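Both complexes shown next keep chain A, but they swap its partner, so chain B is in the first and chain C is in the second.
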Partner chain A sequence: MTTDPRPHGVATAYRWEMEKLAALLRVRLTAVACFLAPFGLVAALRLQDAVPADTLFGRWTHFSGFATPMVVLVFTGQWALPLLTCLVAGDIFASEDRYDTWKTILTRSCTRLGVFWGKAFAGMTFAVLVVVLLALGSLAAGVLVIGARPLVSLSGTLIPPGPAAGLVLESWATAVPPTLGFTAMGLLFSVATRNGPAGILGPSAVGLVMQLLSFVNGVDVLRHLLLTTPYGSWHGLMSAHPYYAPLLWGGLVSAVYLAGCLAAGYLLLRRRSFDEG
Partner chain B sequence: MPTTALDARGLIKRYDDVVALDAVDLRVAAGSVHGLLGPNGAGKTTLLRVLLGLTHPDAGTVHVFDRPMSDSRGRLQPDVAGFAEAPRFYPFLTGRRNLELLAAYDQDDGNGRVEAVLDRLGLTGRAGSRVAGYSLGMRQRLGVAAALVRRPRLLILDEPANGLDPAGIRDLRELLRELAADGGTVLLSSHQMAEVEALCDEVTILGSGTVVYDGSLQRLRESAPAPEYRLRTVDDEAALALAEDELAVAAGDGLTVRARAEALDGYVAKLVAAGIGVRELHQSVSPLERMFFALTEAGGAR
Partner chain C sequence: MTSNRTRPLATLLTGAALLAASAGCGTVDITRVKLQDDVGPTYRNMYVLQHRLLGQDTDAPARLATAACAKGGPETPDEGPGDDWTCQVYWPVNGTLQTLSYEVQVKATGCYTAQGPAYNVGQQNLHDPDGRTVPNPLYAFDGCLNTG
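And now, the complex of A and B:
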């Protein structure tokens, strides 16, 4: 083998993956839905007298617009974000199998490493975009429809509108690491199964099982190792006396899932022989 | 400048108990159009996948222009392009965007090359349409265009005429001849002898994963058996009785005649002299096709 000084082509692969994603209707619809769905939620809550009192911040949804993004964060962190992020990540490698285009791109000058990271970064970009759109959409919906009134913290103290907006955005930012962890899991499922539906639904099923495990009493150590647990690490920010240990631990757990899934995915792709399709 | 564009030696590829390639050697001279023939399942596509770096062989080496086929990062040498089986593209992108994407993957901005190859392959008018709406023939032409965007010195094509209409086939042949005339090298895989005869001087024939013939078409022609003709007369029984030895045999509605030109001329003259009218006479299997069948069905020797 000879050494080739040409780059791996990560930036090229990333740019074109983003263009391909932008051309897909389901990706555009998902992005729009992430921004607009909170408006529907707020409208539905306004039409009824009852509030989702069993959800954190749920009882304040008629009182403060800043409660809306927190309710959406709690719900999506538990049930929706793994699925939403995997709509892209879980299909981004499998789609090459579906279109039979691996042989088209792997006979060019990008390396497999370049293609892998281009796709991985594109999947992670979409994951961050989903979180940002949900955060901004739910914040805008709450403030515009309910009003920018003070938010009641988890400790029962009132947080003025300005700091409340900042804390809401910081809380949403804590959802990024575990979402990236699920994104990496989606990428791994996509490479390993070569099947879009399996890549999309597999990590969601894993997230669901993790969520159920977290409800089981007496397995505290296990709970700390679950990728769903960091979705609750914002609790420390919304306390009268902030604490950051869950944030740091959640970041570490997310990073381990991220690195492990990406490494496994890359190894699978690097070793794959395209004997068919 | 290397005189050998492609030099593959001792290629072996197994799938469980099936040996798809069994110590296959293939040498393609620079500046030639080299045919790769074989029936379905002979190993042609597996060989092309190995040559394009998509499939890892269990043993053997491949060099292009005296360099290993893949660089240290596992990618194909920049002067090789082509496709194995039908070329595939992103159906939701236009033909032009697909080519621009592939040019970018070659770390090349295209620089007018995309438009030039679209024009050369007669695709300019549909380049702005999504590939999902392309016919099979248009996809084949886009596949050739995608390969040419890479400016290859060695072009590897698998059944490129599939789905093309007669005019498309004529244009493709013209294009490949031009490429060879400009010093390019083409490895053309086909299961149609006529396609290879029209373009190639050298040919490699695969049968059940092994090379059963490797050499010039001229040498193959010289060693080929007599061509096969289809003959229908006003009285096939009487015509058969006039045939010497095993020159003609009954074949349903008509006769099958295996004869070289002189013997055929003599036979037809005898039929006419005997008052047996000839209603139909045409070559049904060419000598090269008969040779091809003989080699691949009997597992002939090099």
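And now, the complex of A and C:
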């Protein structure tokens, strides 16, 4: 264990995992839906006078197409992104248990460490892909269907179309760290439970509990430690006087969840015995 | 072998401890000063935006950027989320300034919704010079406080 002469085969494992993912109908459908669903939302919004006024930027959905990706970010950041990313991450280890294929993949040219990182990186690649597709899909839907009028910032100032597009993409980029955190949580659930549905739904349940906790008054400290809080760290970007402290803190919190879940997942996998199967 | 096994766990625990310690330094996220420092300038920007949408030139007095906020009754401390915040802002009428009261709902996330008196600031939607329906920025507006 200490000095394994073989290379770990992370790259091989990663390529293999990506090929398997690309062949899965569930993965393809999710990717297509992430890009196209915002068009459906915008079409539904255009058909009615009502606006989602209880969501940030909701009042401006008929006014500026740049409000659309922001509304979608607020909607998905709270519950959909953890679920979407765990569609892959939550099942990526458990599927080997389901098909009883652990022994096969470990006797190939990959070590346990190689397989772990190959799967972890594949899960994280999918997480980033989901965020990118949702961002581009909702930005395209807003601009094409509603139009590229200036965006009204959270301070009431008008942001011209060019900078608005940039700020929208930057805001979406801030959703990547917490989504990677939930991805790592999905990987951990997948290793620990050896059960696909548990791995897929577990982190979403944790996310919902975190959201409930964030509504508890008087515990501001706790709120700063939750993995759902960084999903709001873009607020500072959309202000007339931008502030970045929540962004930096959110990145740090996400990194701790990511590292913690990955470390725990790897330790569990390393201690597992695959002889009995 | 032992150090190999315990290192990630130790790193994890140290990280969690550091995180908890530094988070403990923070005080209350939502305060009266933070809220009025955001509602005031945002209200003034929305006032300017309303005139712009209506195709009118406006010279919004600087005083419009000052708000005075309070939460609940006199006994309620002026901090924390809640839907019982009110903010007094200024409204120009014939060269003088009246006070208007906005009802402000502050969420735990630090984001708020301020709703103004429709009698003064107008209904939910406006019609711009081209006849298009546009939202009235002063009827209700959203903002967020820096809770970092």
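Note that the second predicted complex is superposed on the first by the 268 of 277 C-alpha atoms of A that agree within 3 Å, B and C clash if a C-alpha of one lies under 4 Å from a C-alpha of the other, contacts with A are read in each partner's own complex, and residues count from 1 in each chain.
What we mean here is this: a contact is a pair of C-beta atoms (placed from the backbone, for glycine too) under 8 Å apart; a residue touches a chain by one contact, two chains touch by 3 or more.
In this text, all values refer to a predicted model and were calculated from it rather than measured experimentally.
By the touch criterion stated above, A:104 is placed in contact with chain B alone, chain C being left untouched. In the superposition on chain A, A:7 makes contact with chain B only, not with chain C.
In the superposition on chain A, no contact is made by A:123 with either chain B or chain C.
Touch criterion not met for A:199: it reaches neither chain B nor chain C.
Judged by the touch definition given at the top, the superposed model places A:38 against neither chain B nor chain C. By the document's definition of touching, of the two partners only chain C reaches A:259; chain B does not.
By the touch criterion stated above, A:152 is placed in contact with chain C alone, chain B being left untouched. When the two complexes are overlaid on their common chain A, residue A:20 makes contact with chain B while staying clear of chain C.
For chain A, the partner with contacts to more residues, out of chain B and chain C, is C. Once the two complexes are laid over each other on the shared chain, residue contacts for A:59 go to chain C alone; chain B is not touched. Of the residues of chain A, those at positions 1-2 touch chain B in one of the two structures and chain C in the other. Per the touch definition, chain C reaches chain A in the complex via residues 1, 4-5, 8-9, 11-12, 15-16, 19-20, 23-24, 26-29, 38, 41-46, 48-49, 52, 80-81, 108-111, 113, 133-135, 137, 140-144, 146-148. Listed in rising order, the residues of chain A touching chain C in the complex are 1-2, 51, 53-54, 56-57, 59-60, 62-63, 152, 154-158, 214-218, 220-221, 223-225, 229, 232-233, 235-236, 238-240, 243-249, 252-253, 256, 259-260, 263-264, 266-267. The touching residues of chain A, when paired with chain B in their complex, are 1-4, 6-9, 12-13, 15-16, 19-20, 23-24, 99-113, 270, 273-275. For chain B in complex with chain A, the residues that touch the partner chain are 15, 46, 49, 52-56, 67-68, 70-76, 78, 81-85, 87-93, 97, 101-102, 104-108, 146, 150.
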